[in-house]
């Protein structure tokens, strides 16, 4: 596998409108997505996620900066050769049958007639549309269209997948199915870059997360790194008379409450070390509690301007 | 090239599966039938009248169908967002637009073939002879006219809303023959600057009436087929205008953020 | 319950398409015999027809447009400019008009053997209307009479046998709508138009085609505008020219419809008389000629001679034409002469004269009858 980035964004600036009325949707962001990575692109509505993704596909043009996909400038035919894309709202020609639509999209990606014939039935089955190949799309529900959208994105088994609002319009079963498909693709070494509002999905699928807010990247970290400051443990203890507070606890600035001390520790390992030290020095642990926060809490606090500590 | 063909095929599938084309054909058929059922003094074999009515209704109906079909291709793609997954595939905007145009032309041919089939069945029913060479040239020139109209509608749909593009294309189609013929009447009567304007209108606007061989086709018994040189010149003339309109459309489309 | 919107829409479209048929039904019903065209009630009824409702005031223009089309049909699709324009162009040297004074084309209408020529009062070849925009290869009743003057071989034939090419060579110098190359500022666009459209070099003679194909257009023209007297007249004339009894009957029916719609149109009575005469119905034809003469004499402008050739007179040509009255008078008198002899014919002619004073063609006829009928005897071939 090449070490060249699949997606390379450098100082990207995108504006809508011109002159004094121009609105800056993306304001100088830079990031890379490496082969085999699964990267979640998170942000509130209007943060610049879809704009960034549209720029990756050449739908809109940057005011500044460079965007490369598989080393080719975004928007070129070469750059789109090895990617599959699922748009935010997937609507397809209502006058076509599901099979015909997949033949069209697969054909556009260079698949021959025989290959398409071989691939389409299992693909429809994989996305939960088995036996629907001859149904006109005007009779498809929104969820079914989204499933078909996934099928068209992966029909040519692209090396990279770009999904805009991954599970938009899917019911819980659909979301589960989609997750299974993505996990399979991830295991197969595909590069996946997607935006989503479903942060649990991001938590469960992604290796890395990029958070964008008001057109700027505010966080870029692995899920593990990101989740680290999100867990909080509280320990209440009593020290033997005259015993000093162990270093592993004092670092977390415990507060005295009568005969009790109360400390808040954010890191699991540090919490474990502190509890061990307290036992060693003969302290009595009155109570312990953990206060786990999700990526969603973090995201909300970030969006509301309270940083990650709210 | 394959991408263009696949997109063209999707346009054709749309034209064939939607009911508009059949509705237009049906209405035209009813109109022709209604006119022909008027009692014309119990005279049989009125070939010119039949040809005139049928060919005129058919060419007008095809032109309007092509205008509507061409003008709505791009706005509909934007409106329904179907353009996103399409252009995310390795297909250039040039191929995409070329495919759309090819599709519209295939749909026009489909519509026109339906009409011509009906026309020939009608001719056979009325025991009328068909001058095949002239008739073939008529069909070919009609398709050239449709090509110019389709590219014009493409262009207009890029710079104005769908309704305006359709209306303007239709107005141009209807008034084109007036420009061609009226200019000769008034040329000597107008001041110099107006003469220049007329000349500009004649050369810069496509004279769609030049692709209408229906008048000769109506009186086919006395008119020979057009010489190859004229057919060649008309082909070049039509392709020149269609190319210009297509290239303008392409330039606008290539720069258009989606 | 949800209704499919397509069905009422389709029904509406079908009804609209069938409107010509409905129009016919609507027009005919209220027009019972005796209703006059200038009767307000009749007009109101006529204005309720489908054509009137759909086209409004445009119905008469539409009728005229259809009428003009017949001119092109006669020339295999070639468009010729209206006569007045051609005349004006000949004055500027733009076209060489054979009808110009002194040219070989200048001839006496009375000797003209081409029934498709329409001679106006000045003897001009009149392919198109001179002022009102009415058009068509319009044979006036006087032409019909002239046709009767001609030898049988020269008579018009409306129908051609397969492969047969008619017809008389037409005038040189009648300008075409699409100009010649040296008069066309449009360069290659003009060249292409001349190649694509039916076009004929106006400096060379051209031919006319048969008139049968014109008939549907006259039918539609009268359906659109029931006051289009010329359409009734010329349509009937072409039907007659098919020389078939079935078509003569159709012609009489067509004229009857025209007379119902336009009871004062004496031209229609003349035409009806001519066709009835051809059918051998002498009494009925005389009756029609006498009605025509009666109406025509009543309509002849008091100051006709003074206004002849002026715009004022030409503007009324669709309502009154001296040629038409002449035909009505001549046919009446000559029919009586054939049936009852010179005396009663002369008496009838003098009755006409007494009613409206001197009418030059009538005076000429009386002179010929008084001279023993010599020349006049040849005027009227038995049907």
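As written, the chain order gives the labels A, B and C, with residue 1 at the start of each chain.
In this section, a residue touches a chain if its C-beta (ideal position, glycine included) is under 8 Å from a C-beta of that chain, and two chains touch if they have at least 3 such contacts.
Predicted model only: the values in this text are computed from it and were never measured.
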*Just tell me the minimum hop count from chain A to chain C, counting one hop per pair of touching chains.*
2
*Which chain lies at the heart of the structure, taking centres as C-alpha averages?*
B
*asked:* Can you tell me which chain pair comes out on top for contact count?
replied: B-C
*Just how far, in Å, is the C-alpha centre of chain C from the one of chain A?*
85
*asked:* What's the distance between the Cα centroids of chain B and chain C, rounded to whole Å?
replied: 38
*If you average the CA atoms of chain A and of chain B, how many Å lie between those two points?*
50
_In chain A, residues with contacts to at least two other chains_ = none
*Shared-contact residues (touching 2 or more other chains) in chain C*: none
*Please give the residue numbers of chain B that touch chain C in the complex, ascending.*
19, 23, 26-27, 30-31, 33-35, 37-43, 46-49, 141, 180-181, 183-184, 187, 195, 198-199, 202-203, 207, 209-213, 215-216, 218-219, 222-223, 226-227, 230, 233-234, 237
*asked:* So in the complex, the part of chain C that touches chain B is made up of which residues?
replied: 6, 10, 13-14, 17-21, 24, 72-73, 76-77, 177-179, 184-186, 188-190, 192-193, 195-198, 209, 212-213, 215-217, 219-220, 223, 239, 242, 246-247, 250-251, 254
*Can you check the complex and tell me which residues of chain A touch chain B?*
54, 57-61, 77-78, 80-81, 83-87, 89-93, 95-96, 100, 104-105, 107-110, 149, 152-153, 162
*Flag every residue of chain B that touches chain A in the complex, lowest number first.*
2-3, 6-7, 9-10, 13-14, 17-18, 80-82, 84-92, 257-258
